[in-house]
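Okay, so here's the structure we're looking at.
First chain written, first letter: the chains are A, B, C and D, and each begins at residue 1.
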Amino acid sequence: MSVWGRGTLNLSIFGESHGPGIGVVIDGLPAGEEIDVEELMAFCARRAPGRSSTATKRKEPDRPEFLSGLLDGRTTGAPLCAVIRNSDTHSGDYDNLRTTARPGHADYTAWLRFQGYNDVRGSGHFSGRLTAPLVVAGGIAKQILRRRGVEVGAHILSVHSIVDRAFDPVAVTAQTLRSVGEQTFPVLDKDAGERMIGAIEQAAAELNSLGGVVECCAVGFPAGVGTPMFDGLENSLSSILFGIPAVKGVEFGAGFDAAGLTGAENNDEFELQEGRVVTRTNHHGGILGGISSGMPITMRVAFKPTPSISRPQQTVNFQEGCACELVVKGRHDPCVVPRAVPCVEAAAAFALLSYLV
Amino acid sequence: MSVWGRGTLNLSIFGESHGPGIGVVIDGLPAGEEIDVEELMAFCARRAPGRSSTATKRKEPDRPEFLSGLLDGRTTGAPLCAVIRNSDTHSGDYDNLRTTARPGHADYTAWLRFQGYNDVRGSGHFSGRLTAPLVVAGGIAKQILRRRGVEVGAHILSVHSIVDRAFDPVAVTAQTLRSVGEQTFPVLDKDAGERMIGAIEQAAAELNSLGGVVECCAVGFPAGVGTPMFDGLENSLSSILFGIPAVKGVEFGAGFDAAGLTGAENNDEFELQEGRVVTRTNHHGGILGGISSGMPITMRVAFKPTPSISRPQQTVNFQEGCACELVVKGRHDPCVVPRAVPCVEAAAAFALLSYLV
Amino acid sequence: MSVWGRGTLNLSIFGESHGPGIGVVIDGLPAGEEIDVEELMAFCARRAPGRSSTATKRKEPDRPEFLSGLLDGRTTGAPLCAVIRNSDTHSGDYDNLRTTARPGHADYTAWLRFQGYNDVRGSGHFSGRLTAPLVVAGGIAKQILRRRGVEVGAHILSVHSIVDRAFDPVAVTAQTLRSVGEQTFPVLDKDAGERMIGAIEQAAAELNSLGGVVECCAVGFPAGVGTPMFDGLENSLSSILFGIPAVKGVEFGAGFDAAGLTGAENNDEFELQEGRVVTRTNHHGGILGGISSGMPITMRVAFKPTPSISRPQQTVNFQEGCACELVVKGRHDPCVVPRAVPCVEAAAAFALLSYLV
Amino acid sequence: MSVWGRGTLNLSIFGESHGPGIGVVIDGLPAGEEIDVEELMAFCARRAPGRSSTATKRKEPDRPEFLSGLLDGRTTGAPLCAVIRNSDTHSGDYDNLRTTARPGHADYTAWLRFQGYNDVRGSGHFSGRLTAPLVVAGGIAKQILRRRGVEVGAHILSVHSIVDRAFDPVAVTAQTLRSVGEQTFPVLDKDAGERMIGAIEQAAAELNSLGGVVECCAVGFPAGVGTPMFDGLENSLSSILFGIPAVKGVEFGAGFDAAGLTGAENNDEFELQEGRVVTRTNHHGGILGGISSGMPITMRVAFKPTPSISRPQQTVNFQEGCACELVVKGRHDPCVVPRAVPCVEAAAAFALLSYLV
């Protein structure tokens, strides 16, 4: 299902990469929320392809048309539908994928699941392009959250073995979260960013691709929100984040590193700051027992390297049941991580908003 | 919410650590499934405390009473309710936690969320004890899955810096998954296990605690099951796994390591084995595009060190709004990971079953 | 499924009539709500059997044990579980129902659905007894609603052809709703009630049974709550009301009678009363476009006559595939309507509460 | 919410009457289902306005564009999105409704619910026009159901006091269900239909409107499908049917009439016909205990008279808080029932399909 919801906030994403259009219906937005469409477009542009050497050459404006739910710049309370038309499609590139499994891609599993009826052009509904409507939904959520004092931001924490400086999990500010997102290549350490770009360009030149990690943070989220067990912040955030193609891991606070710590190291001692309960450190990532503590909510999301690489690879023709060699054609990002940054922000913002409406 | 469901399979977990009882209602089980209660008890015993030096001294039989849904050893198709009575409770140990936040624990966030009305004795509904009903549900799911050819198993992959051998992600067998679970301390490398036990005992002696990682695997799960985006296997597995207390990270296949690989390294080439489509490697963890590939489904779950340690810690009395020092009393596992192994199996099994009923 | 939920409020009902016990888990109740258990027991007693000549002779105290979610008389915010033990079971009465379909009952459909593994004793999970946990949940909801100014009440509108006076849909008061519920046989017109009792006794004497209608009303529910289309008040109320066994129809406001009116007759003109917008009539039953108008919410629920009658009936043995005659044994209400009144109140209250928490 | 789902089949309806467009996303359709678009258009045309003297004069082709989920005439398994553009809008007709409540309409409750931000033009999201996407979804469901042997049909059972012949609840055939739907004015008794048309024309001439009842039936639905309590056929059917504007009552089988019967009358005796278990009568409407019996599934849906009538009515200006007289302008059906017939079929078909995929 391409439906996600909790409480009374829902989204339903539709579309296939080379069909007439893609889009999203958001149900349950509060009425009367001002949506700055130009700001939203700027946010969507962060995900759009064709901006830099690190991304696919496919150029699409990704400008949504709002069919409903928005009137005179404000939400009406009715379901909001945004549609993005597809264009600049080179469907011929995908002819050999109808029956041949790209390693690392969903071609084979989709064929099984949908008995061969799925639209394979441009990977159909499995395309990374389907994150465009998610970014529309999340961009709207971000604007509403900001009005409630919550800022969500993200950056590239790593590409392959090159690591950016992490957010300060205790002191990160809304200003930092906003400014990092305004960069074409969102990193905190510009030098690391340069090296990442170099590595991606080199991988592209070698007909290879790279993975990486996005770090995301929310500040200003009220304390005491969430519930234990299955409706906690970590449950809902992870369930939406794994909806972004290529995500293979999600962690909060110290995450997997916490597994290597002792309790004395990992426990975040509480203290009072100007009458407010805070923790000195933030290994808990702002979430304890599924409930927000008032500290920054921090998460990291691991992306695998783009599976579509143009090297010859061994694979099978699953329809004919024979081995073959495949050279993937088409235009693909040598590293999805730069464009995944707003996707992670969007998914996180949408999940967080579901607790506040 | 302590409710989890997908499709038509649901569970609702209830109880507080020192209340009259805890339990689970499972709705949507198929009718006529034989449940071997003794085998289920053996599975539950793997989570039970009081078995070894690495666990809390609290002794409870954790034997559920089945109030409904089970007749003559078979499921009736009606909701199955299992209740476990609480006993051996030392509630006095928790008096000072009513208003004082244990670092790393949910005391403060629960107080905010429930305005101080939550049952704090033994951490109430936030207690690790609430995994007992989850294990009942998952143990039932495991038996039903096995009948459908699916075996779910798990082991301790690491405690602090001590690492067990990983499952072979391509060749792991149902037999391996079963036998590792029969051990008191479930590891593949007994020597590593000995060192883990030593480290846990040492941490306990130092009034400290350790984190670790559980690796879980399912073999025999049919290929072509799951859906893209938000109802994929990774989404549903992570949303239930983060329901286990102390989990801070979940990854599938190569997970965070995939972020450090190139596409050429990470892509799993397909081949035919006896007419069956398989992959030579399994960085994808048996899941591509949210859908099972037929390869073993592999995941790793990071647990933070037990927050309840008996060293003096700085914290606050959140009701009175003042700083204080806290020494946690009560009986706590110096490392939750050994007992978490069946919890991870249970959660994974339940989520996987939801796709097959 | 015996799970119902909307927003973040859920219930999960379990149990079979002659199993060890039945009960309910309520997830999502606000914390700190005082629950007057004696008042709740008095509400449950209204549904309990064995009180009058119009009900089955089976006597059960129906006193729930609260396993969780309630501490010192207040909700803790954790899932609340209430268990009612079964007793006074005469399972032998049901032996011939294992393979023989009682006309009007779910024996045959349950056998198909659960492949014969369902517990047939006392109708198992299909028993009217399963409304006892619903009444517990609804009784709790009623107390919480009352504290928010909402009163839910119901009465017997008709038994067979004997009709009680209806609630005044404009002027009905909380006081009326409370007082009608305190009667053993809840009607507004005592004379009609006497005749209903007479008719039920006569039907019982004739080994027959009677149907009837329950009218339910909520006053004080805030205006402007609900949503259009599928999450409106009518959708959620009907979806829970049809969960009560024997319900075959649900209508709101003028309901089916509205189909026979003209717009000029049915439209409720608005006016101002002390600055408050009200309607002069209430054919809309307090709901317009799925959203509450502030007027009393009114609904009527049709119950079919008890299918279990002790006359010889023609039916089939569905296992052996042959026709046979059946005489139903066991103790059955000659009319479920009197005991259904608190069930309807309970279901309505629970659904309404889901919009306010 | 304008989202409806059960199991893994979901729909999300969006749009406002005078916005750019309306539509639906259907998630969870099986892949490979042939959709005959012309047949679907013919079904949609049954709901379209402007066909007869009994409907609004607004003319819209209501031809959906399929943005996704459909390729070469078959479902792809990805979410199917259908968009219908709005045109022929006379928004000026609605200026006085921004703050004035039409009696019987949702203007006032919507204003409360959405704080005045809802799009009031043409009733916005509350417009009967929003049933067009529901009919698209249901028309697709009907085609898939037919391929599985299930036929869903409906007719006008009554308009005001004029009553059509009812379906034979035991012997109704797929052929009858299909042929009645092919009529411009779907009734079984043409003479009754003529009188209904006369009554509607007269009501229109008198600036009045009429209510009525739609009877719907499904044959061929497999026996043994559904579950007791809250996920039964009646629960899900009613929850979607009340999503059609103007519906005030839903009943199954004998429905409210069952309340006036005795058990001996209402019980449907079982018998064998060619080895198949059937009932001689069908007061149970094909549903026992929430589960299908294999007999025709029958339901009746009550529609109130169109609230928008052009007579002067007393009402209030809710923004200024003063009484006023209102004359509703715009084009409105004097009776929604004829156009509601395919809406009821659509809603029922979609709900029934959710049990079979």
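Observations on the model:
Rule of thumb we're sticking to: contacts are C-beta pairs under 8 Å (C-beta built on N, C-alpha and C of every residue); 3 or more make two chains touch, one makes a residue touch a chain.
Values in this document were obtained by computation on a predicted structure and should not be read as measured data.
Greatest Cα centroid separation from chain D: this falls to B. Averaged Cα coordinates give chain A a centre that lies 27 Å from the centre of chain B. Look at where the CA atoms of chain B average out and do the same for chain D: the two points lie 46 Å apart.
A straight line joining the Cα centres of chain A and chain D is 38 Å long. Taken residue by residue, chain B touches two or more other chains at 1-3, 8, 13, 78, 113, 125, 227-228, 231, whereas all remaining positions touch fewer. Judged by the touch criterion defined above, the protein chains are all mutually in contact, each touching every other. By the touch criterion given at the top, residues 1-4, 13, 101, 103-106, 108-110, 112-113, 125-126, 130, 158, 160-161, 203, 208-213, 223-232, 234-236, 238-240, 242-243, 245, 247-256, 258-272, 275, 277, 279-280, 283-285, 287-293, 300, 302-309, 311, 313-316, 318, 321-323 of chain A touch chain B in their complex. Those residues of chain D lying in contact with chain B across their complex are 7-8, 78, 227-228, 231.
Taken together, the chain C residues at the contact with chain B in this complex read 1-3, 5, 8, 10, 12-16, 19-23, 25, 27-28, 31-32, 65-69, 71, 74-81, 83, 113-119, 124-125.
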